[in-house]
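Dropping the structures in below, format is structure tokens.
Okay, so subunit A shows up in both of these, paired with subunit B first and subunit C after.
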Partner chain A sequence: MATQDSPGEAFENVDWDEVDAGGGGGLSGLLIAEVTAYVALLAAFAYDYFVLANESPTIGSWNVKDVEWLFALVLVLMFFHVVVPLVRNRRMTAYYWRQFRKNKVAIASLVYLTVLFFIGTLGPLVWAGPNSTIDFATAYAPPYFLGGDLASTDHFFGTDAQGRHLWHLIVYGMRVSFEIGLIATMLSITIGTVVGAVAAYFGGYVDEVLMRYVDIQQTFPVFILLVLLTYLYGASLLLIILLYGVFSWEGIGRLVRSEALQRREEAYVRAANAAGASRGWVIRRHIIPNVSGTVITAATLAIPTFILGEAALSFLGFGDPSTFSWGRTINAGRSDLDSAWWISTIPGLFLFFTVLAFNFVGDALSDAIDPRR
Partner chain B sequence: MGMKWYVARRVAWAVVATWIAVSITFVLLVAAPNPGAEAAAQQCAAQGQDPEQCRENYLRERGLLRPLHVQYIDYMGGIATLDWGYSFSQEKPVLEAIGDAWVYSAQYFIPAILLSALGGYSIGLYSALNRYTVADYFGSFIAYFGISIPNFWFAIMLILIVGVWFRDAVIFGFALEPFSLRTFYSTDFPVFSVKNAKQLILPIVVLSTASVAGQMRYSRTQALEYANSDFVKTARAKGATGWRVLIRHIFRVALVPLSTILIAEALALLFAGSFIIEAIFQIPGLGRLTLDAINQKDTPLVIGATLIPVFISIMGNLFQDLAYVLLDPRIDYGDR
Partner chain C sequence: MSSEPLLQVENLTTHFHTDEGTVRAVDGVSFDVSRGETVCLVGESGSGKSVTSESITRIVDIPPGEIVDGSVRFDGQELTEISEKELRKIRGKRIAHVFQNPQDALNPVYTVGTQIGEVMKIHGTEQDKAARRRRAVDLLDRVGIPDPAARVDNYPHEMSGGMKQRVVIAMALAAQPDLLIADEPTTALDVTIQAQILDLLAELQEEFGMSVLFVTHDLGVVAQIADRVVVMYAGKVMERGGVHDVFDNPGHPYTRALLACLPGEGDAETIGGELPSPLDPPEGCRFAARCPYAVEDCRVGDQPELVPVDGHADHTASCIFHQPDYDRSHIDREVDWESGAGTAAADGGVRGDGA
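The block that comes next holds the complex of A and B.
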């Protein structure tokens, strides 16, 4: 045999633990970086939670709240599990990008969403909170492009009934929308993927019990549950996000299950089983990576539904009263529709285009990942 | 065994699901602070009485201090015997309040669902057979628009345009004033009258825009699935025209999945949509009843109004599954 010449390279001499750790120093370095990021985030959170007083600002004048910590955690997670793999697998990324690029509208949507994301996350460091600009002297100022006595470049999009700058309300609303969209989606795809993969791979009673639970969850519409729970417990953005994340994964769960049922019969899964891989290993290393295309597409299309749901809740008055959700601003402008139509219209346009952009990107992604459709 | 056994099991499961859903509402009620009791305690504190005493009185009057299992049996028994308690804000039994309200929801809901199914299926099927034409792009434009536009914002924009701007807008010398519609619902008009129909136009437009997109997408994918199947090719070879193929051959097969999707879609819309539409247009239907109950802290009515959509959803899912089995002989119902 050829390998006899170099015994160090022989198959039976391979240190499989090292291979499993990623086959080289690159990934373990990455793992260290990821763990360090989590630890740093946790330490910062602990410092804010235990050391700093409740209302005192964390960084500069910005008091980081519970949802924002969670948002930071999700962003770190996304960086290590979406951005890093894309950079590492350049050839694959380039291929998908070429597919994606064919859709010009989707590219424009992606640019729009990226700009909105950065304004939403970093904007509050630049623009003051809406409540600090209350000034009844400039209430109902129309947008600058309409002209009028009160119009000024200072508040380009006009002001609301309390003289708050509409642009500030929009910027703070962007953050709320991205928080609900990304955190709830991350939660629901994680639970949905794990449940779907486990149900499909284990089958039998595990499958039956999990899918019956999915049935029950489906009969309890999450919107009704949210209304009932905010009635009983009072509204907070964290509660809304967690409820959306924990109680609306049934669609993704079903999708992953049906996809994983096919994967389970593939040769590589049977090979792994025959080689003695544990069930957890097969699910983690073989089934979940191979359904990730479905999951990513479903996730992109789930984001806009969560954003719309939260906006609708806030519009009805069930939202968190301490956040500046777009739905809440639109509702506030409803009574002034005759005299100051821009208060409802402009935030609504932002909401509409955000949801539209996510839908465009999601459809383009699903075309790029699965060209059969 | 076979189909009857499947149907029996499916119905039994619906009963179990109902029982679990009602139990969940009970657990939520017991676990959460009682909003009515909190309000009573606050009122007493404002009047200088002992708030704890008031809270206890409030809970005792409603039998909420009894052992949990007694309360549970009482609660389940009440739901099962259609004794859903008394709504103090509506000053009538909960079921009567719900019975009075649903008519107003149905008035705009049924036309909207029929309209969106009709419109969605025709656009979807047509664009599937004429891919990459202007009609197809128009169809996908409608789909994206309907899915992405926030219901409540769309309703407000329609009110702004039709109710506010039309009042004094003039285009090419024509005053648009006659086209201006009532933006708030009035219960004074009889159900089948022109005035009532006119004031329902906006709610129907909003609801069907949200729904038409989904119907269109599903019917398009369904039609594309069958467009190249053998029986369609055979029909074409025999010389059937485009519309005949579409309606007699494709639509007939696609109708089973489409009708079940219609049920699911309609239910989802009923829940979220009715709240929004009735809040904006001030229609005294089921959604508005729930909102009022929440604002008045009328717990029996809140529970009653949340159970109705849950029951409808369980029944909808049941009929959906049964319809599949009864309508499509290819489905294997043996082992599940």
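The block that comes next holds the complex of A and C.
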């Protein structure tokens, strides 16, 4: 009886796990693994932040930066709340996979994105930072398949105006793109889902206040704010990601609210109320899991908009000067378009196909999860 | 025999505030449920029986609903005065609900075992996951689900309607409640399954020693399971009493109308007229507008008090013809229920009239 009055933190966490795993046995081991992963990440971050000097590398020659820490956190989160439930609920996963598989373009897109993801996250361990290959003797080298004096297998995709290997720029750009896409999406779907579900379930004034705020935020020009902040404080990738994530959940919030309004009227929500469940419990256990299909689809389609948004910013010269995003490389090669077209074009193609692939995957997912469409 | 009933509902009044005005869904309803007893709330759609059952643990939507007046005493505790938080400890644990439509009452994303375990988890009766699962299997077995050890991992869509209703009942029993409120639990099921579920409820009631408050529009079901009956109409109690008294000697014309509409019992198919507007209920007896026996006195003042029928203190009806000044034989004559109000009143029959 005492536990009713004081549900401990651990107890709350168990619930979250079950929400995502959809039940099943052997929870506690997984929970321990997840908590351990967070603690390890936090400890590594604290060590890097407090012990190591600012510019000294964290692992090998790689100085892990704040965005990369955040990215690692998001990856751990995704592992425990996307990959693990998929593996544990094999039956459901197999069902969705059969639906998803019908869309051949989406399969190709998924393969492309997976390859890109692994090259992007692990590539910087293999290939040195673009600045380390600066060599004016090999500047403007064309891609190997075009031939020419400077063409070399050493820089297969050619080099830019400073002799940076284009492939290195592309690999580092992949990581930036995934960082933007995943972190900002994670932020925006979390906020959007919570706000939408709370607004729908509580209704009344809570709903009114939250949704009016959504209206205000929707009319708020995030892009101009970003440009202004960049102008005032200098650009930083972290700032861009956070602003995109925190100021672009309105759409998901609305979507979740409308979906949750229907779920709220379901008999199982009434049954849960009648069984003595608290409001928080009903939202967590019954409303959010039943809107997750909508959320997943919306999230997949949100990723490319964030990637494009950052590329646009970088192209305009408001990007983070210390990161090599695709937008920045495209912008840098703009003036040499007639003499060295590859500098802009090749990263541009990667950007184009990445955005396209996310859209295809998102479409196929929405078809697989929601058969009404 | 415990002296105090398990549940005592006194003058319960629930209103809904809508754009058109205040809907008086439940208007001063009183009844009680003793330990181990089955009480049926009967009435046609819109009579306020479901709202009554939901007002007991305040699971009625508030707002727009509001419990304006009345008292609900449950095992010595006044439920209308305790906080939402306190009430949550009673819901599910001491008073469980079973709803009408089993198709929707289960969450599609969880296995039935998880959902049965949820009630134990909410109330902390079973902390250990493995123990919850064992109990879920045991409960599924008790509600008559074959191969419960395998079925416990099924998702709701893998079960038939009758099985789902059994699961819903298992969920309700999970915390071993003292009172089970079943709101038309068999209405959405076909007739053979209905009978099975009713038998099951009767069995479980005996086994668990629960009280059951059964909400239904079906007098056939009432005859099968009830110990006592509360007949409701337009938010008011029309008649209350033991099931035999009410069926053998119905005191209120409305009860008689319902019985007459029972297939195989009476010859009527419908009761003429419609339910009065809950926004602006008529003066006098709520049923007067459809009652063939209605006289002038039926249409003035408040709903008549519940008075004993033929001197039985525990069988009461809210009809003026049971009051000392009126002649009961007036409402014993054969009438055509479909023809509507006042058709049998033409020849008087009221003693007070001549004076």
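Everything below uses one rule, namely that the second predicted complex is superposed on the first by the 348 of 373 C-alpha atoms of A that agree within 3 Å, B and C clash if a C-alpha of one lies under 4 Å from a C-alpha of the other, contacts with A are read in each partner's own complex, and residues count from 1 in each chain.
Assume a residue touches a chain if its C-beta (ideal position, glycine included) is under 8 Å from a C-beta of that chain, and two chains touch if they have at least 3 such contacts.
Just so you know, these numbers come straight off a predicted model, no measurement behind them.
Figure out whether A:277 sits in contact with subunit B (first) or subunit C (second), or with both, or with neither.
second
After superposition on the shared chain, which partner residues are touched by A:118: those of subunit B (first), subunit C (second), both, or neither?
Neither: A:118 stays clear of subunit B and subunit C.
Which chain, subunit B or subunit C, ends up touching more residues of subunit A in the combined arrangement?
Of subunit B and subunit C, the partner in contact with more residues of subunit A is B.
Once chain A of both complexes is superposed, is A:204 in touch with subunit B (first), subunit C (second), both, or neither?
The answer is second: A:204 touches subunit C but not subunit B.
Figure out whether A:97 sits in contact with subunit B (first) or subunit C (second), or with both, or with neither.
Neither partner.
For A:156, select first, second, both or neither according to whether it touches subunit B, subunit C, the two together, or no partner.
Neither: A:156 stays clear of subunit B and subunit C.
Between subunit B (first) and subunit C (second), which, if any, makes contact with A:227: first, second, both or neither?
Only subunit B is touched by A:227; subunit C is not.
Is A:289 in contact with subunit B, with subunit C, with both, or with neither (first, second, both, neither)?
In the superposition, A:289 contacts subunit C only.
Of all residues in subunit B, which touch subunit A in the complex?
It comes out as residues 13, 17, 20-21, 24-25, 28-29, 32-33, 35, 144, 147-153, 156-157, 159-160, 164, 267-268, 271-272, 275-276, 279-280, 290-291, 294, 302, 306, 309-310, 313-314, 317.
In the complex formed with subunit A, which residues of subunit C make contact?
57, 59, 63, 88-93, 96-97, 99, 101, 104-111, 113-114, 118-119, 122-124, 127, 129-130, 133, 168, 171-172
Inside the complex, what are the residues of subunit A that reach subunit C?
Spelled out, the residues of subunit A in touch with subunit C are 1-4, 18, 22-23, 25, 27, 204, 266-268, 270-278, 281, 285-286, 289-290.
Under the stated contact criterion, what part of subunit A meets subunit B in this complex?
Residues in contact with subunit B: 212, 215-216, 218-221, 223-224, 227-229, 231-233, 304, 308-309, 311-312, 315-316, 327, 330-331, 334, 337-338, 341, 344-345, 348, 351-352, 355-356, 359-360.
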